[in-house]
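Below are structures written as structure tokens.
What follows is a pair of complexes built around chain A, which joins chain B in one and chain C in the other.
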Partner chain A sequence: MVPLAIARQTVREAMRRRVMWIFLIIGVFLIALGPVFGFLNPRESTVVLKSLGLAAILLAGLFITIVTCIYLIPVEIERRTIYTVLSKPVQRYEFVLGKFLGGFTTVFINVAAMGAVFVAMMWFQTHKSSEVTLIFQGVLMTFFQLLLLAALTVFFSTFATPVVNFFLSFGIFLVGNLPSVTDSLTTSRLAVTRIAGLAIYYLLPHFGNFNMQNKIIHPESEITNTNMFMIQNVEYALIYSAVLLTLGIVIFDRREV
Partner chain B sequence: MAAAISIQGLTKKYVDVWQKQEVVAVDNLTLDVEDGEIFGFLGRNGAGKTTTIKMLLGLIFPTAGDASILGRPMGDNAVKKELAYLPEETYFYDSMTGWDLLDFYARLFRIPEPERSRRVRLALEKVQLEPKAWKRSVRGYSKGMRQRTGIAQALINDPKVLFLDEPTSGLDPIAHSELRDIVASLKEEGKTVFLSSHQLADVELICSRVAIIHHGKLLRTGRIKDLVAGERTEMVVKGAASNGVADKIRAIVPTAEPVVDEIYDEKSGETVRMKTDRMRLSTDDNDKINAVIDAVRAAKGTVISIVPHRRSLEDVFVETVRKEDGV
Partner chain C sequence: MAPKIYPEDARRRSMVLLPIAAVLLLLSAVVQWQLDPVRKKIQPSGTAYMSGLNNEFLLLPLLGFREAAAGLLWVRADEFFHSGDYDAILPLVRLITWLDPHSDNVYTTGAWHLSYNFTDSSERSDRRYIPPALKLLDEGIDNNPNIPDIKFEKGWELYDKIKNFHESISAYQRAVATPITPLSDDPHYGAPLRVWHALAHAYEKAGRIPEAIGWWQQCLDRSNKTIAANKQDDFAQHEMHEAEIRNLKETEQRYRDRYKKTGHSSVNPTPYPAILAPPKGSAVPAPWVCSFHPRVEIVRPKVFKVSGRLTVADGARVDVQIADEDYKPHDVAGTLNAFNVDPTQTICVDALSVRKTRFEREIDMSRDPKMYSFTRPYYRVVLSYNTRTTSPFLQDRFGWNGEGITDVKEHVWLDPDRAKLGTRLTDAEGTGGFGPVWDGSDVKFTALGQPPRLIRVVYRVSRDDILNGRTLTDKDIVSN
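Now for the complex of A and B:
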């Protein structure tokens, strides 16, 4: 009940932030622009809508997640609202969990809103349920990718300032989306680079695994088992997020506020 | 009477990143607060009052020492159900209404509905926040309304022990007096109040005991009536310049000093200090007062005034802190 109460209040505060609405509006606007660009290239209009829609949701979702989650804990400490919360029978893990749940619910609401617009646009353009299902799967994977990012950002927010958190989270998200870079590092001839590459490969979250653009945009490039692919990614996101939150709780438990 | 709060050797040191500079915020603090009393915790800004409260609430961790509240270790979650805290500045989620804010805090105590709504209403009524403001955003509240809301959130769980940090500072006289009365009424309800305040007149009025802390160290603690005991008498005599009476008075009261008049000279535009034949002295010893009267009469001088002065808590506080500072 306590984490839910904190989550509810967090969503409420987060939804009042103008910057979040700006990213949401930009995201919806880009998705809505899909058919316009499609007219410029009628043969590829569906491909344009899919590419633009998925990219818009990922990009807007990325910024919404980061700007929402980097402030969750530091702002409570800075504004000292945390005093009246932690002086009540609230365990620190409940506080971190509540903040994460609130941040992640905010991201969910935004991704769901953009996803709904995207699905609607796709339906109006293609009238094919198979296309809508693909879009739904893509949005779902983006959502879990952002869930993992939210956990990473909340983990950093237990000890880092918002500015440091922004660069750390954004940087790790970029590196995690570039598997080719980490792959090349792991096969480097230099032992130091190879070890560093392996550390990055195994420690940093593999955000790139959640991308379904290829399958959605080019259905002929089939994933062998889509269900297994999605289940494994969801499991990965949940387990990795749980580990990050546990570490965040351990750090926050020792932090003075 | 049992101790509601028992602090033993509580110490908090802050060390910089290089481990070179050390600041002792609270230094080996030991004190007991009895059950059902309003205890004044006094000190200058930066004396360590808020640090002590934050340690007791588990917001920061002590470097050494220990404390218990209602028989349980400080910071324990079980005891927090019985506690309340009003921070020095009322920091709230400004977008929420007064009602929603209290509802949120009540949820943190796991109070179910309809009891939650009943408690919210009771708390808002107790602090006399106008009902039309209950559903308004806290952002638009005045300082007094915010402070009332702060006290209301502290009462939402019907606590046994309240930590109030400057509950009446910066308020207009009416709000000040009303909130002070609310705090005073908590004693009648059997609650223990740990009151940190600079408003010494308030503390003197509503607290039974106080502790004076300075640079993190406990300087004095005790019942207010014991601390302010010892009436002083201030006396002014005339004719001290004649017949060596000044020396006689100084022999009785060494701190006696001549009265100096300051006269503004319009021509030069300067203030001129002029010695008079009057002397001022102050003592808490009635025998000395009588001896001075005899000496002045024998020298044909005049006793101009004898005014008894009751010591206030402010006198005790200033005296204690200055003595420690060597002023």
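Now for the complex of A and C:
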């Protein structure tokens, strides 16, 4: 399997990069900072612990994803190693898929490491399996959010330079995290704004979908069917990632390298 | 420029892949449409919260971590509270509840802070903050219908701060009716036992005695079940249980002492209901004549000296309210979201202790011009003695609704608000009540009939008089 071989190599390369370890260490450090808020009353300290922990995983994961994925294809072109690869019986789509698989496996390893630290700390702090389950759900959703981001970054890396890719991916991630704002555009009185709002709302990736923190931090604010909500989110991440990768393959197919 | 020529396989591939991408994009929009209802439920819409955030807190909500930002802001609010910077807490409470509408603790603590911690230089509450506090609690209840704590806090606010026992009952009833969720403290009840106790106390304060007794009985039944199911000895549970037994017995005994001719304790050694016991030196049953003689002087600009006589035992308190003539108490409808209070509104509430039938206090409102602006042309000074809020040992003579009190100067006032009716009692016939009666035998009786009888005098005074000084006379008294 060509894409898997490329993915394996990509993970090896990515894990050798020091900057990623720095983000990972920062993430773990931020998670470990949570119990400092133990001076608050027990309920508040758990709220802060949970929200800070999930925020730390997302923040570190966000930078790890972007820093890993923006270089995946441009570096190969810059170093001209892509010629060696493509001169072998490797199709361009296999190359893109392999790079994406490698990128998101790297993200998975990092998120899993931070998630394990966080789950262990929650267990140590609360000794409640229900809390651990909720945290697991939160980490899982964060992973799929980052999977979507990885697909977006790989898509941009098929035609944009790393610097442009960084700002594009980060900008769309921010906009995609403000569904309440883009949603309010769809109810604007101006027809132009309303149409633009609808286009933005349904065409841009919805990173905000995966934010289940409120449900996790305040379990009493119930979602009618949490499992269905999570499954739909996973579906969304997979479908939208497939869209981005398909478009990425089409663009990379036509690109002169 | 010559057109680019792409490899044939790339062209063929794109002919297949582009329609697939379009279909998938459409499919993702459909999934998003399915996700929207839940997404909108857990992430409130709007952008108002963004404008009030400092740079240091802006990044987290931008990344979707509104709750993390809210948690950190709450830590900051705690720091402000301990440093005494109370004003700085209000915008933080507003931001936090916008960022995280399920933060129940912020609603309850924020409302308590608004109602209790803003005071004048004599430690009298700034009552202009009560409507925003109630509105904050209402918002919290709407956002968190499954949490009894916010409803309980509203009930307590109405009971303790506002002393509107009827509305307090409604709030506690809503708390009791909270649905059972997997996170309820008690798996069989939506609200903890303390909410049930609070409701029973509110019924008693509202003069709805059969319901108070009935509710204490229900508390007792619930406790008995819980204690029987609990194998471990729970000290707090037993304390609550003891309180229920004591309160149930006490309320029933008080009913007999106050309203019945038989079954008395040492509190009422006479053969009459206490509310009709003969006064000292008389053999004829009659209500207690309290002889309310108030005197209000404006001794300096914005300084009121309130004094007088009220012939009741020590422990009674005369309530004083000085407010704009058009003051509407606790008008939540006109309240802004941002906790802004009307700087032109003047409202001061105080309570004066009666010692050896006399009361006196100088109420200096000149030292707090921001709180007491006196910008309106006319004001009302209301002096009252409320038998529903007085001490139980005084209620032992006057009854829960003031049936056993009267006044030589006809200052007795029956509150016309039908919402405040208590239970009409058989042995209190002829004391001003109306509606169906209760003979004490059926605790399930819920109809109401007895309005509270208050001793109450209302003066109307002009702004000029408040600024120039004058002694108010009977001519300044207006109808209730």
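The criterion applied here is as follows: the second predicted complex is superposed on the first by the 252 of 257 C-alpha atoms of A that agree within 3 Å, B and C clash if a C-alpha of one lies under 4 Å from a C-alpha of the other, contacts with A are read in each partner's own complex, and residues count from 1 in each chain.
Convention: contacts are C-beta pairs under 8 Å (C-beta built on N, C-alpha and C of every residue); 3 or more make two chains touch, one makes a residue touch a chain.
This is a predicted model, so every value here is computed, not measured.
Partners chain B and chain C fit side by side in the overlay (superposition on chain A). Counting the residues of chain A that each partner touches, chain B and chain C differ, and the larger count belongs to C. Once chain A of one complex is fitted onto chain A of the other, the partner contacts of A:Leu204 are absent, as it touches neither chain B nor chain C.
In the superposition on chain A, A:Met230 makes contact with neither chain B nor chain C. Legend: residue contacts after superposition of the two complexes on their common chain; A:Leu140 is shown touching neither chain B nor chain C. When the two structures are aligned on the shared chain, A:Leu33 is found in touch with neither chain B nor chain C. With chain A as the common frame, chain A serves as the apex of an angle whose CA-centre rays point to chain B and chain C; its value is 160 degrees, to a multiple of 10. With both structures placed on the common chain, the touch criterion links A:Leu52 to chain C but leaves chain B unconnected. Of the two partner chains, chain B is the only one touched by A:Tyr83; chain C is not. Touch criterion met: A:Met1 reaches chain B, while chain C stays clear of it. Once chain A of one complex is fitted onto chain A of the other, the partner contacts of A:Ile22 are absent, as it touches neither chain B nor chain C. Superposed on chain A, the gap between chain B and chain C at their nearest CA atoms measures out to 5 angstrom in whole units. Those residues of chain C lying in contact with chain A across their complex are 4, 6-7, 10, 13-14, 17-18, 20-21, 24-25, 27-29, 31-35, 38-47, 50, 60, 62-68, 70-72, 74-75, 78, 100, 102-105, 144, 146-147, 181, 183. Within the complex, the chain A residues that touch chain C are 37, 40-41, 43-44, 47-48, 51-52, 54-55, 58-59, 62, 92-93, 173-174, 177-181, 183-184, 202-203, 206-215, 217-224, 229, 232-233, 235-236, 239-240, 242-243, 246-247, 249-250, 253-254. On chain A, the positions that touch chain B within their shared complex are 1-2, 5-6, 8-9, 12-13, 16, 79-91, 256-257. Residues of chain B touching chain A in their complex: 54, 57-61, 77-78, 80-81, 83-85, 87, 89, 91-93, 95-96, 104-105, 107-110, 153, 157, 163.
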